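Going by the order they are written in, the chains are A, B, C, D, E and F; count residues from 1 in each one.
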């Protein structure tokens, strides 16, 4: 954010490669976070409005002011099928910036979901519609439409920087942001991790110990671990 | 609260008009909050113990001390069919003031639910009974019965003032308090809002933009919004 | 904790009597907490990852460092059928210390569940497996394996001291720790409470008031309660 | 708050008796809180901006919207010498609603201080001016002037109801609200407590035990206290 | 942050113009925040370790892992006179990452202070040295030196993005980040605001009302404000 | 805590060696925490009531119930010169359990200070008396004297277990608990750390870098640190 970033709508953004986005949609956020080298995760205070919510899309970003959702309507016009809206707020606010009318509009435009560092309402309707939202609060308190924010500028949402066009993956465990430029590379790394895990799972289910499977006994002993009776 | 408000039970309270209460029961809290001019909402830290909980009733109020639920038993006797109990606590406390035995009693008296600015327990049983509770915590920690509070005095619950007899509506989005004197007026305003929304929803689902539907392009431009490519 | 308690694994721990453990498994945490004289409860910030989760087991304890789950693998080897793992962390940390691979291993060893004063991930998989976890956070952020903690030393988890071998009971209402030495005695007291409650529930459902059933009118009057109209 | 309470300024309010106010100014908040029967205290999250701050005045109340301090200017005109401004906000907000310019104005009008359930800024200047403020946050983030609130209506500030004209006493320990109608009665009760305490303090300083001075040994024994060696 | 941003030290950074930095040092954070159009402020949970702390410098940024301050030593070498260190942490952590030894080193290198989204210790010594630190916690709990972070990459600290070379101004009211490219422009705007305020302060001190001075009576009336008696 | 630990006062406790206690009094909590192997620290939410507070004493422990300070009077009788009182509460509570009368009594008995996992009041008086208190809240809200707790049983205070007789050291950085059995050993280790630090401080003040002084360049390079220009 700088002196000249309020009141801006950027129309032409560079979205991450669609194939990379679709491949990333198959993985959980924990896997992707590991595959990225353990960066890019939003704070765990962000929670889905219903159990089992899962979404993946290219980011359309919105910067809102507390208690004001005017820019959400401006953002709606910039949504393309396969996008996911990421909304940041300039100050702490738990108001319900988003409800069933806006969700109807976002869905009609092809949005995969919403990640908002604020509150949401009409959660019963949104759940019935199957429109997934991750937020830090649920609140019936609505907002006004009076102050300009911006659309498609870089924003900080729940402690993580999101650039328009980045791939955002969200599920029960959290929300991870994959920079557009490395989306394919991360998808590859995630696939590699997942391939390795299937075999491990079978062995652990059969009673093998991670201590042996990962050959940890040596390092633990050298680190000074003592067994006592 | 004043020097002479502890240890009081007010028996004859003026409940909101039953028809107004029943009409308000048909609306969500977000709609009612807007219809009231955006006042009367409790803090979003209050959450229902199960998804889909919804209740509407005339308030029987209780003022409790931390760790003590003695007055809940006094309140039970004041409940009439169609009432909803609102419990405030004189200091921060997450103890489980309410469980399945009290719920059995409240339900037998005709209570529609409980809103408590403290903790609740036996949530599995309460869910099985279909007795809705909104609270700020769930805690197995029970309480004692040793200090006097009051019943049917004005209380502050989750940041909002509740007078006995007010209509309280609670759902997945929050809890809103409608003063008894304006209950019918608020029901009218809520109905009006809802009538308007059906049409809007259909148009948005068909792809219309809020920007056009609400004629926002002019005001946004005058406020200084710039589109860049 | 003291200077010589890091890097230790105690193999031979004294587990609570298996019969006492199995009897305690039949009660809710609210009942057990009351039966113990209202001590032994963890803080209400600990929540189950799915509704209806219930577990009871003898504690295998783990002390972890923030962001490091190495000792979880060491703990796995110490699990016996009927145990429940209790993990404490030396500092505030919401990272996801535990996911589906560790759960597969813990389950194969006979663990009844996990209580962790930190975060957990892969909650969708854990729910599908029916492996109950109580935690203070859900987070996709994984951990490293680099620093020694300990297994089966006394730990402080969510404000309560847990000794290896104690019975830990967890459900929707919270988590209660029963010292091994008094497990049978607590089971007796809990049974006694539950026997008394069935009769009360029936009377309350029939419309009786707690005021009369518990003979509270006298004490309330003597404490100064005034009824006004 | 109700449908018709926004956008109102009440000019003629009934202030508590000036003598009662001046007598209350001599006591600490802990003493007054006890004298009132342990009600009327704001939440302990409210803190003074400097050590040793102490103020007592009759309340001029303001209801603000988050991020908007327009009504503070309206309130300034209603201040009379001996008043203390109490500002509530319709939703959680830590913005800096008040700074050195407003403080200059409030002081010129005779205000004794400010209690605000939000944020404050210019705390270095306010401290230099000796203008005491109690707030829940300090923040350089300023506010706009765009939405109507009200002045001199009953407000809920930090969990306590304040009516215009009530006596508000604030010090290092907290903030207590004394309803105008009982101000003199509370001043009497506070004086009585303080008289009793001087003697006790001297005896305790000389080594007497509260156990003996308050004759607690009997009640403790009857409650079951056991001394072990 | 992306896959290739861990383990990096950028040596040649573009620092904001020294004259702009020195001019900004003369203003409070509230003034600068307004002058920037009300953006760039860190969250109000960041607090100085002593009253009256004030610092202004060009940012040397550090990204730390929870419980690990290894990179602080790497950062020390990059400090030039007039710099201010800004430390972000990849996850929530209140450990004491910084104490008197590091402060001695930073000061010797010419650092103006430290802003850290974590904890600090030895606050008595730091206060005696006059080395200002803004943090979200104070904690005696030290850290280890085991994992790589980065120095002089863009970081998110307390909700705000900081690029190496930006001007960071911190005082009792908060912390504001001025992008290097607009530092001079912001200094001009801040000076302009300050010039205007002196005159206003004098008029308010003489009893003028903001209502008249800012010509608010008309707009308030048109917005619907009603005076009642 | 177990079924038989409420309502107990243990009179004969084993206090840590007085010489070890006096030696520990010379070190800061950060140094002692490191010397103990980084265990034993209370949570950083505990803060001193005045800047510069420092205390060291052998623990007399008290277990209180929320809103009830009866046992503080029982504890007073158990205090010996050189003791420091550590008060835990069975549930979250910010009430002011302790004020100037109790402080007068504690001081007369020889107490060095108080550490309380709850609230404190009369902080102006306590500061004037020079009686140091560490608490998690300041609150004018007093307590009643109605329920039994215990004195001199092991308690959990701010996340750390304290046994009666342990040495407790508290300063601006936090509070550390040293088990009585290892007090002398920890004092030795702390002395050793402090001796080493004087020399380092001088070298850093002269401009030496930790990178060189601690020979970190090799390990950092091997860990993969890259310098870029």
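Note that contacts are C-beta pairs under 8 Å (C-beta built on N, C-alpha and C of every residue); 3 or more make two chains touch, one makes a residue touch a chain.
Computed from a predicted structure; not experimentally measured.
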Chain D and chain C - chains in contact with each: A, B, E, F
For chain B and chain C, chains touching each: A, F
Whole-Å gap between the CA centroids of chain A and chain D: 43
Rounded Å distance between chain B and chain E, as computed from the means of their C-alpha atoms: 41
Computed distance of Cα centres, chain D from chain B, in Å: 28
Residue numbers of chain F (touch at least two other chains): 38, 92, 94, 141, 147
Chain pairs that touch, as defined at the top of this document: A-B, A-C, A-D, A-E, B-C, B-D, B-F, C-E, C-F, D-E, D-F, E-F
Touch list for chain A against partner chain B, complex: 7-12, 50, 70, 72-74, 76-77, 94, 96, 99-102, 104-105, 107-109, 119, 121-124, 127, 137-142, 145, 147-148
Chain A contact footprint on chain B (complex, rising order): 28-30, 33-34, 38, 41, 44, 47, 51-52, 171-176, 197, 200-201, 204-211, 214, 216, 220, 223-229
Chain B residues within the chain D interface of the complex: 1-6, 36-40, 43, 90, 92, 154, 156, 159-161, 179, 181-182, 185-186
Contacting residues of chain F [partner chain B, same complex]: 65-67, 91-95, 141, 144, 146-147
